[in-house]
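You will see two complexes here that share chain A, one where it goes with chain B and one where it goes with chain C.
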Partner chain A sequence: MNPIMMLASKASESIGASTMLVSNYVFPNDLHVHWSMMIVLYPYITGLVDGAFIIAALYYLFRVESLKPVARFSLLFALAFLSCATLPLLLHLGRPERNFNMLLTPSPSSAMAGFGYIFAVSMGVLVFIILFVYRPVLVELRKTSKGPLQFIYRTITFDSTDLSPAAMALDEKIIKFLVGIGIPIAAVLHGYVGFIFGGVKANPTWSTPLMPVIFLFSACVSGISAVILAYILIRRFKGRPVDHGCIVTMVKTLTLFFILAFSFEMLEVFSHTYLKTGYHHMVEGLLNGPLAASFWLWQVKICSVIPLLLLGVMGLMKLKASVYNLLAAVVSAILLLQVIIMRWNVVIGGQLMSKSARGYTEFHPEWFDKEGILAVIVVMSIPFIILWGLSRIFPFWAGENKT
Partner chain B sequence: MGLSYKMRLVILALGICIMAGSGLLLKGLLVPDSFGVYGPYRADAIAENTELPIRHGTNSSCYACHTYEAKVHKTGLHSTISCEFCHGPWADHTDGKKKIGTLPVKTNQDITTLCLRCHNTEIKARSQQVIKTVAMPGHLESQKVKLTHNCNQCHHVHAPLKYIKRARQITGLTEEKI
Partner chain C sequence: MKIQPPSPDMKKRSFLKKVLNGTIAGSLYLVFPMGSDGLEGQFPKNQMPPEQIPGIRDHAYDILDQEFAFIVDITRCIGCGSCCVADKREYNVPDGNYRTWVERYVKGFSDQVYVDAPNGGLDGYQNPRSDIQEEVRDTFFVPKLCNMCREAPCVQVCPVGATFTSPDGFVLVDDKRCVGCAYCIQACPYSVRYLHPVSRVVDKCTWCYHRVRKGLLPACVDVCPTSARKFGSMKDKESEVYKILKGPGVLTVLKKEMGTWPALYYKGARREVV
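And then the complex of A and B:
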């Protein structure tokens, strides 16, 4: 061992093992992971929105009847998460109020300003889809409600109680139109998140045109998984039956998207490995070094191969409805974990290698940091609080399940 | 309110258009006038930055008063290193007319720490041809000096080989490795 290494190891023993974070040479401005857990949550939350919206679109645009029980719920789920999509970004900023500057003066060289506009449009479209989808229910609720709640219902039904066939036919057309433009907007919203990472030329693990595609498919996986899990849990909690046909359709859709997502994730690694492009030695060292456990073990082996096998069993074998639903919940939970680990490996993993192309650093999450574990828990619980609030105004299952 | 449902939706659509339009109007009001003159930034910011007080000087600013250090520094291997790199910003020391503060001077072990910021072999990004790097305490052992020695006990901090060259002249000894 050379003297410096001896000194360094002595120093680390005296200060504590956590000081030995760096291997080889890391530029001083690469030591710290600047885009930390809030930037992991950002693509995760927008991804959940996208997947949930796909479920709603399958029903409202393509008339996949079996998805009727969850169609409305997935719209509200998407809204609850979309309203928090920018929250992690704002928490990450040192001066969050300055985000308006970016929106006031967008420029083609600012990818983030583009996201602001796409986010605003998708928010508008989603809100109006929900208002038109829920209008018949809201009109009924308006009649029975009182006080401020009635005022809310009057406002969101455009102060009209017209449920005539002509008005309903018009609503139907508007919903189809909005969902029709909603799909490309949802795809652009999350594809754009991937593009923001893919557009960082200085980072070899991000800078690939595959990034938006990978993000988009894994977004669909996480969103659909979340709707399956939330649907099963809420129905069980409320003691109401779970619609098996609906679960089967969602699991089939999930299987398709997961095969695509996992294939593209692996394709990216394999093409890097085969092409051996400029920084391949760094990416290879990253995946087999600092990310060996979180990428190969957790993302690939535990959270991708196991669900793939389970989905295979569910698709090919005849299972009892209760077993199938239980497996659906388990697979969804694992896949939700897979997607967040994937985001972690991309966002934080990508920053663990220095621009020196010689060394790696490490990331240790803190509990009470502005972007720490506690902040993550708070940010992830806000959409559920919003969802609960929305359920007070927009009943999830009204008129669909009179059990 | 006897408006038909269709009419209400038309008003809603109009309302959205008006909101978007007023957004554009607001954008026009809030964006500074000089924005975009040269590029996607406020052109006036350039003029404002030129008004900021100067924090850093050049080596010539320091040489004007520190004539002895200037003489040594200019002749040594460190001649291209900025004074401020080790001593701190010019504006912390003088306002251009008189001395307003004392810049820190490194002593003892701090000297070694400062030197190793550049001269550490572990910093693999640096080429040996550009900067001579050493491993501690190996360098001290190979030079057969005490391990408690600081760099400046052999090397003049402004001209690192000043004493060493002089010693060679006096003793007539030559070394392959320094």
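And then the complex of A and C:
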């Protein structure tokens, strides 16, 4: 028995009454999974951007003072990842040299055609927020730096050294305005990514209005987790103290978003199970067959239930700051894994079902493909290199001794 | 009467004559333009294939006033695979990808439905399935191809307008514009699209638009020995598809619930067909 037949018969055993419909037949063009790991990475990367931006927005717009230590860092973190958001897409395209078609063609009927506009606006707003937030620091650095670096500082401060109270008050207003419009833009950026999947009616696991909502909340989860983990690790590495109050606020925010994300993820499965519409037998067979391990075991049990319990302990029990921070790092790491597994289960899992509604195909990642494991590692490393480069120009923790 | 063998000289002369004739004839083929701008350029006047879709040639083609339909008669298909071979040859379809294919349905007395399409039916179904344990109640073949949806999801989702519906109702792909994002492949409920491994853009069945514009039937229809595949103009009241579609017989479309309004109809499709 070939592996596909084994999968399908396994699935058909688990779906009982619907067995007659499953005969492990996959449409000949469905054997190949067209959207693979790069399309898993793309929503993951934009999600990290969104979540990190939320942290910055909470400080700059809603004045959550305890988040001050990470506010600027999360903006730079968001920028580093947003700069790489198009990388997986370019690697995925059959004709990457034609990518400008995608950015320039107005195609109002297509969800994907909005990408160029949404990405460009997000990038523009984020860059300007960073330039205004960092302006006082940059003006100071301009005075002390020399050579090319001074030229860079002069350029990115638009040759203005005005730090008068009136100028700073104007800056603050501009930052508030930019962050204010940045929140809906960030929500649209990631909600739209969810809609790209939610808008595919041919695929019964994707086609749900919940998809943008699920993507948005899981984006916040991954982004906040990434900022928590990166903040703790960088501070430890640099031998600087970790601000406990800041961690507590981030963990509380993370808890809220994770409860929402996990509830919606489960609501989607529950709705499918309860409504039993259309091709429900295929979705059920998928979750209990080919995705049994990656969905139920990894995404739900290991990477969702355990963090929920840990977050419960952290929220309800009195813990020592060091223990709390350690748990925060652990929970964040697990949740980062949860979100990427969730993306995998949606993107690749959804394509394992053939549109024949009768069978499942398989996906085996390759190492050296342009969308292979090595490419994934490279793509995920580049944002960190960019982040390091940004830290040379925009010091993460500048001026923290003064406050 | 005894036949004299030709002298060596005669043999040589006739051989040279034949070579010369062949060379001239071959050169003439090179002189004829081989462009796709009309049949006249490809065939000498008296060798043109006969018109298969009446009313296309000898008229200016009014692209805004055309309607075509494709009907697959499941009760007639014998699973010979000729259509798949014709299609593969017409377009040089790479192995493992299919613009059209033929599925084999086998139904047992337990109501279990067994479906397969080894190599897309390209080799024809020459042998029965050996892996079915129960007694077989019924079996039939289902040819699949582009449904030419009037509300085509692939056209809707294409971010660069490379997939489009022509004014005469054909869903086509502009291979000069396609970026190969595969969104249309995801959106097609019938899985008739694939990413061409060489051109790295999306390809799919076109109902042989290039042939239709020359008054010829799609390649698969042309070769079908049982008329299981039927194609014609709905503007021609004498066409077989017009008579079937306007007649009292029962026709169905695939995945009606998707709201895609296909122009591909199935006659005699059983409820098991997806």
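Worth pointing out:
Just so we're on the same page, the second predicted complex is superposed on the first by the 377 of 403 C-alpha atoms of A that agree within 3 Å, B and C clash if a C-alpha of one lies under 4 Å from a C-alpha of the other, contacts with A are read in each partner's own complex, and residues count from 1 in each chain.
Here, a residue touches a chain if its C-beta (ideal position, glycine included) is under 8 Å from a C-beta of that chain, and two chains touch if they have at least 3 such contacts.
The model shown is predicted, which means the values in this text are computed figures rather than measured ones.
Following the overlay on chain A, a clash is recorded for the pair chain B and chain C. Once the two complexes are laid over each other on the shared chain, residue contacts for A:Asn99 go to chain C alone; chain B is not touched. In the superposition on chain A, no contact is made by A:Ser263 with either chain B or chain C. When chain B and chain C are set side by side, the one touching more residues of chain A is C.
When the shared chain is aligned, chain C comes close enough to touch A:Ala111, but chain B does not. Using the contact criterion defined above for the overlaid structures, shared-chain residue A:Leu170 touches chain B, although it does not reach chain C. Applying the stated contact rule after C-alpha superposition, one finds that A:Lys201 touches chain C and leaves chain B untouched. When the shared chain is aligned, no partner comes close enough to touch A:Ser271: not chain B, not chain C.
In the superposition on chain A, A:Ser356 makes contact with both chain B and chain C.
Shared-chain residue A:Ser322: touches no atom of chain B or chain C.
When the two structures are aligned on the shared chain, A:Asn288 is found in touch with neither chain B nor chain C. On chain A, the patch touched by chain B and the patch touched by chain C overlap at residues 25, 27, 105, 107, 109-110, 356, 358.
Those residues of chain A lying in contact with chain B across their complex are 2-4, 7-8, 24-25, 27, 104-105, 107, 109-110, 124, 158-160, 162, 164, 167, 170, 174, 356, 358-359. Looking at the complex, you find that chain B touches chain A at residues 1, 3-6, 8-9, 12, 16, 27, 30-31, 35-36, 40, 120-125, 135-138. Those residues of chain A that touch chain C in the shared complex are 19-21, 23, 25, 27-32, 34-35, 89, 92-96, 98-99, 101-102, 105, 107, 109-113, 115, 196, 199-203, 278, 351, 354-358. The residues of chain C lying in touch with chain A in their complex are 96-98, 101, 103, 110-117, 120, 144, 153, 155-162, 177-183, 185-195, 200-202, 257-259, 274.
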